[in-house]
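Down below are the structures I want you to see.
Look for chain A in each of the two complexes below; its partner is chain B in the first and chain C in the second.
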Partner chain A sequence: MSDFLLNPFSEIAEVSVGQHFYWQLGSYEVHGQVLLVSWFVLAVIFGLSFVGNSNLKSTPDGLQNFTEFVTEFIRDLAKTQIGEEEYLKWVPYLGTVFLFIFVSNWSGALLPWALIELPNGELAAPTNDINTTVALALLTSISYFYAGIRKKGLRYFNRYVQPAAFLLPINVLEDFTKPLSLSFRLFGNILADELVVGVLVSLVPLIIPIPIMLLGCFTSAIQALVFATLAGAYIGEAVEDHH
Partner chain B sequence: MSFSFLFLGNLPLAEGFGINTNIFETNIINLAAVVAIVISFVGKNLSALLEDRRKTIVNNLQEASQRAAEAQERLNIAKNQLEVAKKKATEIREEGVFRATQEINNCVAQHEERLSKLEEFKQETVQFYQQKAFKQAYVYIISRIMSRVKERLNKGLDATYHVVVNNFYVSRFTEYNP
Partner chain C sequence: MVVRASGQKQQLPAVVKPAIATAVANIIMAMPAAAEAGKLFDFNLTLPIMAGEILLLMVFLEKFWFTPVGKVLDERDALLRNQLGSVLDERDALLRNQLGSVKDGSSELAALTAEAEKLIKDARSEVSAMVNAKKSEKQSELDKVYNDAKMKVTRETESAIAAMEKESEGLLKSLDAQAEKISSEVLKRVLPEGVKV
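Moving on to the complex of A and B:
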């Protein structure tokens, strides 16, 4: 209390940033709270897909209808981003990315994780940890490299000197900025949302944060869509034919 | 004092897990409101969307099955027509064969008739010429006989012929018995 009176901002800033619940794996430290929520998210997705698809019928109703709707949505997304010919192979990857991010974001925005106390740090969306988003972004990088090389072989690297050879440095740079921008966009959005909500809650506990939280739900969903769309666009860019 | 309530609630951050029951700390009221809004808003739209999708699929399936039934029906009709056509074809073929045989029979009969007529005609002609020949022969014979008779009559009766004539009459008389 005295701390707060001396420097209220230090108290507020303490809301979440930089606090982690470390797990020791050998000589390696992992963020336990992220893994816990990630497992929860995986459990939700697995459970939903198994419950929804365990008893398939030709006329979908209930959960099967929902899972089919989601699958269709992801297929459409992949089709528009990657193109008619190659998109089917990348639906699983884009679907995984989209669903993981979406469920992570919404679980962070809608579930009262603060009810559960950890020894250190607090539970929140896995995507508000930079490690998760970097992992997803690097997976996307690997994916589009794999897609391009698998389709074109070594000719894939032609694209570094296109449309002109002097653009080589920029094209190489692009391969680094893509995962960087992907990971930071997602991480920044989710973390910023949680921070804003946290600060607002500590200032005005009731009613006022609700619009911001709703906005957070909206941006969370949009960020999942953006990540999946951009991943699809990068893969589509890698497999597209240059003439 | 409310500050203490707000910010000191998490002071018992003990070593280990626990349940935070501080209402303001956990922001549970706002979260409940947000969840309610999201569920009522997104849930309504989503369920409407899903219901639409289900209806579309069911409609499509129904339409497809209806079309399948229609196609089956048409197939059946076509099969029936084919059957009828086949029957008609066989009928026509049979009739054709029947007509052909009839025609052949007619032809054969006419032929035979003509043949018999020709045969008859031949017989008649042959008979006619035979009779003609016979007549000529008779005429010739009779004329010869008549000339001999005339000659004989002109020459008159001598003794031998007299005897012959008498004998002829005598023999006729002897043969005569009333």
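Moving on to the complex of A and C:
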């Protein structure tokens, strides 16, 4: 390639796929860029919580409005998916999942992480790493098993032969496809979004990528909502009464 | 489960097929061509660490976000419900009071009506008493006049009768005397002289 074709923005518009900033932890490796951004996300949520909830009043002001809005939103979601009786127990889990994914996605979409250079790989939303999404999906699987067994005991496993015994393989398969689809949906959406934005920025660095970036913000929010809603739906399915 | 993502390098230009050649060149420049082949599905210790972080976040959020904020929401809900209930109760009481006063008004109205009726009755009875009094007064006056007249007439009649009786007595007396005189005359003429009656 000739030099004049070199995009002056190629430094910040660089797309690195599958590059990781490895840390060595004993004999194990971890993805440093994911952990760094996830700590940032945790710090943001902790900060929000401290600022919003440190002085709760019956007449809300400032950030308390926001935290109350989020709480009511999650409660509504949980009530719709899980049902009137059980939903309150699952509000913290669904709220955590929603907030973590939402803040992760938006930090990836809005913050110019590429300005901070790493030796290898780049900082991005933690949710564009398969480890994070699989962790979330596995926690969701554990959650709905726990919810079902706690509610029904061993009768929970009756649902594998519902509505007919020959559906047993499909029902067993569902327990694998659920976390798989959950994790890959989130991972794929966020990674694809970052790739599309990266590619577009490398093509036309100004103005043109903005609609795609806005779409990215929208997708990010929707993915957080979808993940939380599906987690709630799976838990609700596990605790619902069959006759 | 490690999938090499080097395939991405051949696929991405296909994604931007309509782009012009410069664009394609730029993308290739932008791709991590020089770096070692990336791993998209690189599972390692990051997964349990992330799970732990999420659980930690959940414990934290339950303690400092969803439980206290939920409590505030529930308390406000209860407070509003209570206030709404008390306001409704107050309104009910007010309405009931007003209804009661309306009822009182009707009894007042009845009292007023009764009073008015009584007044009318009193006035009527007074008037009728007055009328009766006048009537009886006139009657007694008339009676008196009538009695006086009657008495006068009776007295006059009596005196007239008495006078007539006196007159007739005198007349009778004179008649007797005349009759005696006439009879003695007759006797004198009839009977011989010297016969004594």
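Some observations on this one:
Here is the rule we use: the second predicted complex is superposed on the first by the 229 of 243 C-alpha atoms of A that agree within 3 Å, B and C clash if a C-alpha of one lies under 4 Å from a C-alpha of the other, contacts with A are read in each partner's own complex, and residues count from 1 in each chain.
Just so it is clear, a contact is a pair of C-beta atoms (placed from the backbone, for glycine too) under 8 Å apart; a residue touches a chain by one contact, two chains touch by 3 or more.
Remember, it's a predicted structure, so these values are computed and weren't measured experimentally.
When both complexes are overlaid on chain A, the residue A:Gln223 reaches neither chain B nor chain C.
Ranked by how many residues of chain A each touches, chain B and chain C are led by C. Of the two partner chains, neither chain B nor chain C is touched by A:Gln81.
Contact with neither chain B nor chain C is seen for A:Asn105 once the two complexes are overlaid on the shared chain. Contact with both chain B and chain C is seen for A:Ser58 once the two complexes are overlaid on the shared chain. Legend: residue contacts after superposition of the two complexes on their common chain; A:Ser202 is shown touching both chain B and chain C. In the superposition on chain A, contact is made by A:Leu136 with chain C only, not with chain B. Once chain A of one complex is fitted onto chain A of the other, the partner contacts of A:Val91 are limited to chain C, with no touch recorded for chain B. Once the two complexes are overlaid on the shared chain, A:Asn189 sits clear of chain B and of chain C alike. Of the two partner chains placed by superposition, only chain C is touched by A:Phe46; chain B is not.
Within chain A, the residues touching chain B in one complex and chain C in the other are 1, 58, 60, 68, 202. In the complex of the two chains, the chain B residues touching chain A come out as 3-4, 6-8, 10, 13-21, 24-31, 33-35, 37-38, 46, 49-50, 53-54, 57-58, 61.
On chain A, the positions that touch chain B within their shared complex are 1, 4, 11, 58-61, 65-66, 68-69, 109-112, 114-119, 197, 201-202, 205-207, 209-210, 213-214, 217. Across the complex, chain A is touched by residues 4-5, 8, 12, 15-16, 19, 22-23, 25-32, 35, 37-51, 53-58, 60-62, 64-70, 72-73, 75-76, 79 of chain C.
On the side of chain A, the complex with chain C involves touching residues 1, 5-7, 10, 13-20, 25, 28-31, 34-35, 38-39, 42, 45-46, 49-50, 52-53, 56-58, 60, 64, 67-68, 70-72, 74-75, 88, 91-93, 95-97, 99-100, 120, 126, 129-132, 134-136, 138-139, 191, 195, 198-199, 202-203.
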